[in-house]
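In the two assemblies presented below, chain A is common to both, partnered first by chain B and then by chain C.
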Partner chain A sequence: MKQIPNRLKVGVPKTLFASYNLSYWQRFLTLSGMEVVFSGESTKETADRGGRLLPHEFCIPIKIFMGHILDLLDKGVDQILLPRMTDRNKTNFFCPKLIGLPEIVKFSLNLEEKRFFSPEVICNGLNPKVVRFPVTAAASLQQMKRVEKQALKYWEETLDNCRKQQITLPEAALKTSLETSRETALKISPETAGRGKLKQPEHHLCVGLLGYAYSLYDPFINKGIQRKLDKLKIRVYTWEMLEPETIETSLRGLKRPIFWNFGRMLLGAGLHFLKDPAIDGIIYVTTFGCGPDSVAAEILNLEAEKHQKPFLLINLDEHTEDGHLFTRLEAFADMLSTFKEDNAV
Partner chain B sequence: MKITFPYMGPVFAYRKLFEGLGHEVVIPPRPSQRTIELGIKYSPEFICFPFKIILGSYLEALEQGADLIVTTGFIGACRAVYYGNLSERILHKLGFPVEVTVFDSPGEDLRGFLRNCRKLGNHTPFPKVVRTLELVIRLIFAHDYYQKKLNHLRPYERIPGNCSRKWIEIQQLLDSCNSLKELKEVLPEANRIIAGIPIDPERTILKVGLVGEIYLVMESFANHEVEERLAKLGVEVVRNQYISNWVTHFVLPPKRLLRQADPYLKHSAGGHEKENIGYILKYRQMGFDGIIHLLPFGCMPELVTQSLIPALSANLNLPILSLSLDEQLGWVNHMIRLEAFVELLWTRYGQAKEKINDGKVVCRS
Partner chain C sequence: MAKLFVGVDVGSVSTNMVVIDEEGNPLAAHYYRNDGQPLQVIQEGMAVLAESIKPATIAGVGTTGSGRLLAGAVLGADLVKNEITAHAAAAVHFHPAVQTILEIGGQDSKVIVIRNGVVTDFAMNTVCAAGTGSFLDHQAERLKIPIEEFGELALTAENKVRIAGRCTVFAESDMIAKQQFGFSKAEIINGLCEALVRNYLNNLARDKQLLEPIVFQGGVAANKGIRAAFERELKTTIIIPQYYHVMGAVGAALLARKQWIRTGKDSQFRGFADLNIKFIPKTFECNFCSNRCEIIRVEQEQKVIAVWGDKCGRYSESISA
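Moving on to the complex of A and B:
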């Protein structure tokens, strides 16, 4: 691999928006002729360092995000990818903290505007779309427009893989990156992918696992929830395994749909799981202080009661102790088995 | 149908509106500790504090026999847009056969807006609707005008608590008028009441701007009478979050104010955060001594403002105190912070005076 010395080094924090469409951003930046630097994995230290910069009430994902930014600054990147998530789409919003993210980072770290690579982005929950490209010396506007389309195609392929093979996002990203050339290969460790291996063991229970990609697939926050579920022989289904039409259809029954686009996907998937007889129960993973989840999870909780489907809400924070989690999952699995046997008779 | 509504701002004016349209009205009682406890019990854990208060007051109104809740919705990134829907779900689960009518902005959902209007219109003749609406809007504006005036006078009052007592009198006066003619007769009376408050205009006071989440800023039971507490410390509190202001800004968005906030926050995050930043900048220009920023625990848009406050405070050389409030009824910790903040403001005030007087120490008082 030839290194061009004066390529623009752009840092990508591997959390929040990037944990959804990491491959999209990586493609987009590499093909625009920039060098992509990833932040390290989230650790206790990442969360602590980031948390110190923010008011204490902020949700853990944003605190971790700040930690990732600090990590990137330590690595000496020229610019940091920080998409400006706008609300031009009038029925699809980001969480206010994400809308204000560039300003939060800028003012809490006292950085100059030129340290950020900030394309304006809209998103329908699945596909990001850049509506305004930043001016950069690395690539022309035309080139970026062309490259963005390629990146989007690549991302859609990844999502397609998820649906076809019924695998989660990190697994699909790992798979796709193994297939592509080494130059653009994503460096995803097996730990990030959650399970470590793609082979599925025997399962006797099926559970809909809901949660934002940045908390569900971040090994620091999720505390290996997928591995734990595997151990309990529970097969997991997530929102990315569903067709977007399915999600939209199940949302149509609501009087007032959720407008936050990531939450919308989760709620839609959750409502579908409620009606799906193959799914035994739903586990909703949320993080402490998550605003959209306080609404989305409550709606789902009330709906689950109506549908008589077991629903477990797990609220995670920066505690690293995970014994209680396994106990709760185990109890939930026991309940599901009993429930299933009772219903089978 | 017995109508109720969220407890916010001049509730008697809303009662007049629905009574004018020929409905029976249940006014939710002023939120108390019981309201908050009821609200907490049935709300999701991490929902914002105003939702808990409002749900509690709905429950109290339902106990009194209300069966239709009228509230506003709108579409945005703030959780406030789901208040109506979420409370309806929770109340249904609790077994109340209540109906919740959510008014969205006519620009966003014209058909739904008209449908709601027709439903609540109750076949009232159009001229009467217009008359009622005019009375209600005038009442709201009068209510807010007198509240502003009393907030201005409060730190100067000679008899502590006088302004608050007079405020109750004025509210009763406004509540008593049922037509525009009566309102016109009542206004001079209210002015007389205010002119009759004994004040000490010589007093040196500090001026502090109150910004933040609209419900906490407006509702004195939610912010533990922060205005009165500060007035006792010799601080005049100025705020711009009133229902009348909200109505005005809804019809005519304050473009210039929002533009001033652009360097700090480019896109609106769904709440009043841009307006608040604009007001902080405006209060600075007006020479205020400090700013107090209130937010409910975990409020999403105001957390964005809160994270910008250290930078704002440094850039403007203006002390800003950000208080995050929740259902905790103990106020001592906040009171200590407020007192320390006011002390800081007095010190700054004294230092500024010294500068003007060529370094000579001037005794205050």
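Moving on to the complex of A and C:
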């Protein structure tokens, strides 16, 4: 193999936008000739270190994100991937904190802009698209344009896997990366991928699990919720297992459009789950103080009442104790069981 | 020999124990303050319980409450259940028509919606313990009034005082201000009861339909001032069940009974005699992955009898097998 001298080391924080399009970014950067460095798993330290840099009222995912940035800087990366998530579509926006990520990082760490690798990105539903490439010595514009197409194709394959095999995004990302090459294989722990050590437990309940990828697939934020659900013999269905058309069709029934990109998908998936007789109930995982969720989750809660489908809102924050979470999930599972058949013990 | 079922509810403030017979009637009920020593309270309480009942077969043991895992391990429980399901089971047993359960305990409060004898919705306080038993305890202490007299005193209030109920810290500063305006203790306590009820209804019961009959249980149900405030707010009478203070334990016992009826399995209960053996809980931080879980391990004579706290199941799944 040809050795490329001094490849540009680009750090990818494994949270927020990258929890969605991890495989896309990895492909894009690698094929552009850059060396990709991932941040480690979220820990207490990640949250503490990140939190210290931010105003108190920031939500826990952003605090954790800052911790990931610090981790990448510790790893000695040349640049950090910080896409500028813009909205060229008038009915589709991101949360202001996602839009402002480059600024949040720049001003809280006093970093020079040359440390950022910031392509301008739009995201229509699930597919990211770079609309402006940064100028870099590592790759030419033509090259980046070409590999971006390949990365997108690869990402679509990953999503396709989610739908076809009814698996979660990290599970699919792991699978797709293993099928291609070892060099670009993603290191995803089974914990992150969602399934624990329990091998195919006999699920007797089906639940629609909703939440942003950065909470749903970060066991530090969600206190291992998928594993807990596994223990309760609950099979989980998530938004990425649905066809985009299914989500769009469900959203059409709303009186007013909802315009947050990721929140929209959750709501659309939730509305579909409400109508799906195979789904026994819905669990919506949110983090304390989330603005878009205060609307999306509330709409879904009201709709759930109309459909008489059990709905549980799990509001996560910085607490480390997870007993309360299990109490709620078990009570919810008991409730669904009694609904289904009178076998709740 | 008669078959009996034991229910133990280890909460943040109290540990409650009950014994029910095969028909589900309570034969004994005990309420103990934990004083930070739940393990000791369980052992001593079980000894008292053993004396208070006639010789019988313990056919099932159920535990609930935030300390249910510890209690379950120590007793050899047949069923370890969350407190929401337990409270609902007990309320429905005594009041089959119940549609709403208000429950306020030491450190958490919940509302449970029941339709046709089945839980259809519930909510539990999330980020803050304002408006729970501990909060009232603290305020009673500050005003130098025994908590047992707190509710009675509230009923004697002549004037209304409005106290901020959203947050404990705000409530306290509000209380101090109102004291300085010259309001009596009774009026301030009544204001506090109303604030607590307002807070409860606004936060927990916000989007729930609270249909009658409404049952109010948990330690705080002993407080007449709170009950009166609930009745004023909801404009209806509230039922306080006879065993309001130990309903979680009753529920755990009832669920253990239900399980026994269904499976007919013998109880794993250690027996009253074996409970005096020393149980040693230990904690350590697992360094295997970045989660750094705090693992809690209970040992009995060098033998590990229970482990929990691990997110990945590395320890807990190796023991339960």
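In this section, the second predicted complex is superposed on the first by the 332 of 345 C-alpha atoms of A that agree within 3 Å, B and C clash if a C-alpha of one lies under 4 Å from a C-alpha of the other, contacts with A are read in each partner's own complex, and residues count from 1 in each chain.
The rule is simple: contacts are C-beta pairs under 8 Å (C-beta built on N, C-alpha and C of every residue); 3 or more make two chains touch, one makes a residue touch a chain.
Owing to the predicted nature of the structure, the values given are computational and were not obtained by experimental measurement.
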After lining up the shared chain so the two structures overlap, which partner does A:F93 touch, if you call chain B first and chain C second: first, second, both or neither?
-> first
Which of chain B and chain C A:E330 touches, first, second, both or neither | second
Go through the superposed model and pick first if A:R227 touches only chain B, second if only chain C, both, or neither.
-> second
In the superposed arrangement, which partner chain does A:Q150 touch: chain B (first), chain C (second), both, or neither?
-> neither
Pick one for A:C290: touches chain B only (first), chain C only (second), both, or neither.
-> first
Please indicate which partner A:F107 is in contact with in the superposed arrangement: first for chain B, second for chain C, both, or neither.
-> first
Please indicate which partner A:Q165 is in contact with in the superposed arrangement: first for chain B, second for chain C, both, or neither.
-> neither
In the superposed arrangement, does A:T249 touch chain B (first), chain C (second), both or neither?
-> neither
Both partners, chain B and chain C, contact chain A at residues 288, 302, 305, 315
Any idea which chain B residues touch chain A in the complex?
-> 44-48, 73, 75-79, 81-82, 84-86, 89-90, 93, 102, 108, 264-271, 273, 297-298, 300-301, 303-304, 306-308, 310-312, 322, 324
Per the touch rule, the chain A residues reaching chain B in their complex are 54-55, 57-58, 84, 86-87, 90-91, 93-97, 99-100, 102-104, 107-108, 110, 255-256, 258-260, 288-295, 297-299, 302, 305, 315
In the complex with chain A, residue positions of chain C that touch it = 66, 79, 81-85, 108, 118-122, 124, 126-127, 207, 255, 258-259, 262, 289-292, 294, 311-313, 317
Residues of chain A touching chain C in the complex | 40-44, 189, 191, 196-198, 219-220, 223-224, 227, 231, 288, 301-302, 305, 310, 315, 317, 320, 322-324, 326-328, 330-331, 334-335, 338-339, 344-345
